[in-house]
Every structure is written in C-alpha cells, then in structure tokens.
Amino acid sequence: MAKIGVCDTTFARYDMAADAIDELKKNAGGVKIVRYTVPGLKDLPVAAKKLIEEEECDLVMAFGMPGADEKDQVCANQASTGLINAQLATNTHVIEVFVHEDEADSDAKLAELMEKRAREHALNVVDLLVNPRNLTRLAGSGQRQGGPDAKPLKK
Amino acid sequence: MAKIGVCDTTFARYDMAADAIDELKKNAGGVKIVRYTVPGLKDLPVAAKKLIEEEECDLVMAFGMPGADEKDQVCANQASTGLINAQLATNTHVIEVFVHEDEADSDAKLAELMEKRAREHALNVVDLLVNPRNLTRLAGSGQRQGGPDAKPLKK
Amino acid sequence: MAKIGVCDTTFARYDMAADAIDELKKNAGGVKIVRYTVPGLKDLPVAAKKLIEEEECDLVMAFGMPGADEKDQVCANQASTGLINAQLATNTHVIEVFVHEDEADSDAKLAELMEKRAREHALNVVDLLVNPRNLTRLAGSGQRQGGPDAKPLKK
Amino acid sequence: MAKIGVCDTTFARYDMAADAIDELKKNAGGVKIVRYTVPGLKDLPVAAKKLIEEEECDLVMAFGMPGADEKDQVCANQASTGLINAQLATNTHVIEVFVHEDEADSDAKLAELMEKRAREHALNVVDLLVNPRNLTRLAGSGQRQGGPDAKPLKK
Amino acid sequence: MAKIGVCDTTFARYDMAADAIDELKKNAGGVKIVRYTVPGLKDLPVAAKKLIEEEECDLVMAFGMPGADEKDQVCANQASTGLINAQLATNTHVIEVFVHEDEADSDAKLAELMEKRAREHALNVVDLLVNPRNLTRLAGSGQRQGGPDAKPLKK
C-alpha cells in the first residue's frame, strides 16, 4: 500500500490537491495520503523532503501556482530547483504540478486547466508507482497534462 | 515550547523582525526567540542554518529587503536559493520574509507593507508549528501576506 | 558487461531512446539496458540517480525535448542542472541528449536531428565506457552530435 | 584569538584585502590572518572552504571585482552562489566583498569605494565575531558598505 | 610530485589541453598528467570530480569552448556551476579555462587567444601548487589570461 505525500500552498488560487487526492483514491486502491500545506512556493521543497523523510512517503506531489510577474517567475525557478534537489537527496520522485497564472486568459479556464493538470498528474503518479511500463509505452508521444497532447513527430 | 530563530540584516531600511517578534509573542505563549542580525541578504542562509543547528531552533524567519536594481534582484535570488538549501539540509522551515524596495511607491507605504507582511508571516509560523490544519483549510485560497488576498478561482 | 540506464519522457514528441538503444546494442556487445520513462524533463534527474544507485547502471543517457517557449527554457535549465548534480553525487556520467523544439524548422527535420543526435551520443557512450582514448583523439575537433561538425581552428 | 581567512584574486584591479587586513588588525587585537590569493572569482568558493576546513579559520572574507560585461555578471553570480554553498557546508560566515567595475565612473572613485567597502566590511566581521549585538542594534537601519547609508523608513 | 588532471571536450574547436600540458611539463618538473576527454561542457564537472576522487589528482584544469548562442551561454553557466560544486565537494581546485567563441573576430585570433589562455592558466596552476605567494604578490593587479592585463586602480 503506497503512501503519497501531497504538499500545496495557501498562495494558490485553486485547490489542485483536492482534485489530485480524489483521482488518486479512485485509481490507487488503498493508497494512503499525507497532506501538508505551506504558505508559498518557496516552502514546498522542504515540505516535500519532510514528507519523504519524516512521514515516509513513497512519492510526493507538489502543487503551486506562480503569479505572472517577473518576480514570480524567479520564485518558481527557485522552488523547482529546490524540488529537484529534494528528489536527489532522497532518491524519491516529487511530481511538480505548477500552473502559471498566465497560462489561461480567464479565471474559469485557469481553474479548468488546474483541475485537469492535477488529475492527469495523479494518473502519472499511479503509473510511476504501480505500472511504470505504461509510461514507457508513451515515451516520446507528446503527452501534455491539462491541455491537448502534442503530435508525435514523423520522419 | 517552540524556539524560533529570527535573522535579519542591517542593510534593510525597516526592522521587520521587531514586528514579527511582537506578533509571535502575542500568539505563541512561551515561545523562545533567538535573534541574529547579519550585514546583508547573502549572509542570511548560513545565519539561518546556524540558528537551526547551533541554537536548535525549530523554525527560522529570515527578513530581508532587496533593493530595486538588477544587481539587487540577482542577490535576492542567491539568498533565496541559499535559504531553500539551508532548509533541505536541516529538514526545517525557514520562512523567507522579503519585501522588495520597489513594491510600494512611497516610504510610508513600504514601511506599512513591511510591518504587515512580517506580522502575517509570524502567524503562518505559529500555524506551521502549532496548528498546521489551519493552513490546509486555506489551501488554494489566494492568501497574500501584507496586501489584499487574491480571489480564489471559480469554475 | 556494462549496464546502461536510459531515461526519457512522455512529454517529448519523438522516441530518441529507441534509436539510442538500437545503436548501443549494435556497438556494445552484451550491453545491458535499463529503461525508465518519466513524465517530463524535471523528473529526469532523480530518475538518472535512481538508475545509478538502485539499478547499478554504469552510465545513464537522459533524453528530453524542451519546448520553444521561455518557460520551457527555464525548465530545461533546471533539468540540466539537476542532471549535473546527479552526476556529482554519484561520480557517474549522465549523458544529456536534449533536442530543443526550435532547433529545426520542420517536424521531419526535427525528427531526423533527434535520431542522429541520439545515435551519435550512443557512440560517445560506448567510447566513454570502452575506449576513452577515442575521445581524446577527437579533443578540440569541433564534434557536433546530430549536425555537421564545426571546423577546428587554425592559427 | 580569532583566525580570519582572507581570499582574493589577481583579476581584481585593486588590493582590497590589504585594506581589510589593516582594519582588522586595528580593531581586533591579536587576530590571526591567513591570506589566500587565487586567479579569479570562480576560484574563491573553494579557497574560502579550504581556509575554513584546512586552515581552521573562524570566518572568511572573500574579495572580488567583477567586470562590467554581461559575461562578468554571470561569473559573479556563480561565485556568489558558490560562496553561499561554502558557508552552508561549514556553518561558517564568508563575508563577500565584491565591487563591480561599473559601480563608479572613474578609476579614482572606484578605488576609493573599494577601500571603504573593504574597511567597513572588516568592521562587520569584528562585530560578527566579537560583538554581534552591535549588528542587531543596526538591524533595518539601511547600512551600506562603502557609500552613504540609506534612510530608514518612517511610517 | 604533483598529479594534475586535465579534462576537455570534443566539442571545442581547438585543443587547449595540449598547450597547457606542454606548459605544465616545462614549468613543473616531474608533474604527472591524467587526461580525460568528454563530449561537451556539461560532462566536465563529473569528469573533474572523477579525476580528483578516482585518479587522486591534486588539481584539475577544465577546458571548454562555449558557442556564441544564448543556449550555449546557458550551458556554460551550468558547467561552471557544476565545476564550482565539484571543487566544494572535494576541497580541490578546478581551474576553469573557457574561451567563448565570440571572444575574437577571426578563427586565427580565437586560436591564438585559446593557446595563450591555456598556457597562462597552466602557470597559475603551478603557482597554486608550488608557490602560492606568487599569486598574493599579484593580488589586485588586474591579471588577464590570454589578453593584455588590466590596469591597477590608483587613488
């Protein structure tokens, strides 16, 4: 029975974690969830590492919503770099699920994108933990979480 | 009884740490504070790590005020990255409370923003240490420290 | 008998790993391959480290296809930095084979470039593992994987 | 009796270390200095770490003078990041004293700035080692090393 | 008898390592050289670390030639950052000798610059290992490897 950590922020304007948890429960029978909410993006790396090392999670999902300003982009870069370092320190996946505030042009579309990305990444998590061959079958196929997939290239 | 480290700089033009300490004392009975002031932003990461490892703080708040020039932005990025690395090395939160000099258009508004952000982040610290469920209740709700909160997205 | 890890993504639009594996098998008799597919670029560093430390690979190839947007460049930078850190943590080479979506002006040319780069880097891998002197013979000679080589400088 | 490491470069166009050493000797009776000169900025991080771990310095000052080109800014960023990492690895302060070549518009003014910044940071070092409360008294007061201080904000 | 690691790339268009090795042999009697060639800049950090930890080199020189495109600058930044991290992990100098393809306006001048920089850095290496006081005598004197030195500032 896998234990999945879910960390997210009070800064974000949509609760992606709730959607992901719903999707995880539907698709991974008996999965155990540990949720940890922090103020902002920069607090996510240590939250993820604590979930792995103190709560013994097998994998962590990290949800965030960077703002549209230049300063927000810098902050997102720091958080992503920290999340990668947390993974390297623990040999454990932390699946980053970030939606940038400028990825859609209305609040409704942004919320829809956030739900879809959260749910599709939850399915990636299930594959990573339970059926990694599913991912290899899709290698190089242009998968996009939350939007239409890209077209595979043909020679 | 929690022990909270507070590190800040002589470079900043406002004493945010004093406000945060006041707020912590009001909201976390018996909290113990260890204060450590360094010259500038780049000195904060090791100060935070020393507070955690040598003073045995349970959590650290790091206050800084990056200037408005491009060089100051680069410096803030180095400091923030270092603060995240200090957290990853210790599995301990360091709550970064930075106010950029260009976030308000008058000295009075800037000082007001700095006090508010310091106090609101002090409350986040209390929640992280004592009542983490408060933060999860606010997950994805658009909290902003020091300014008006953002609106949660509706589908 | 060398064991080579191959990690790649479902995000990419072409399966470079298949070409590289084909080339490795043709050129390194008895080589053992362990393949590991993850969702995106940011998941590659920990995948590479796990292949080295958990699967005991002697070397890893990491395949990715960053998109053409500014955000994709930032993401590629994070992934590359993480791949270098994974190498430093393990004293093991991870050969990064990235093709940026804007490196060719048609899908057909892009696919061709991706195949060529994957195959030529597979040959580099064989040299690194079996015959490192081949690489020293080519030191400073302007080798380019997937495109025409550059001209060596003459005084 | 404190032992202070001083590392600097042959690249810089002014010998800040000499000024700082003079100031340290005047203000910290019996201080012991270990000096280590390297070619350029990128060599400073390991020099600082060696001074701490091999020479057992209690604190290090790192002097550098980044050029004015974009490439020099990138190099300064790498060096600063490395200096922060050296501090985190050793729980020891490394006070970075960099003056960018474009901070003054004449050679004479630049030299004057470099001397002042070096001397004022030497005083910070004495406070950090001997009298840290002096720094806390100046918290949030807009100190600038080498130039006129900034004004503290009033509400 | 010092052991010096030399790592370089097949990507570069000039063999700087050969010049540096020649200069080292002329100026450091009995020096032992271990050479290691990798495909590109991003492969240098782990190569340097392996030379230090597996080949027991006392110091490493890392030669590279970043291209002139924006993507090449990003790649050079990753490599330089990795080289600094390799040094911090080993307390050993890795002297980076990079020449950017846009540093000269003809192939002949570029090759000349590359040879000069390689040779002058080889002399720095000898000083670092054998006579570090030579470097301190040149502290703050505006040394430039491969080009005319800068003028020391006068007050």
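The first chain written gets the first letter, and so on, giving A, B, C, D and E; residue counts start at 1 in each chain.
Basically, a contact is a pair of C-beta atoms (placed from the backbone, for glycine too) under 8 Å apart; a residue touches a chain by one contact, two chains touch by 3 or more.
What you see is a predicted model, and the numbers here were worked out from it, not measured in a lab.
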| item | value |
| --- | --- |
| Interchain centroid distance [CA atoms averaged], chain A/chain E, Å | 41 |
| Interchain centroid distance [CA atoms averaged], chain A/chain C, Å | 25 |
| Set of chain A residues in contact with two or more other chains | 81, 85 |
| Chain contact graph, described as a line, ring, star, complete graph or other shape | ring |
| Ring walk, chain A to chain C and onward | A, C, E, D, B |
| Contacting residues of chain E [partner chain D, same complex] | 73, 77, 80-81, 83-85, 87-88, 91-96, 100, 121, 124, 128, 132, 135-136, 138-145, 150-155 |
| Touching residues on chain D, where the partner in the complex is chain E | 8-18, 35-39, 42-43, 45-47, 49-50, 53-54, 65, 71, 74-75, 78-79, 81-82, 85-86, 89, 107-108, 110-112, 114-115 |
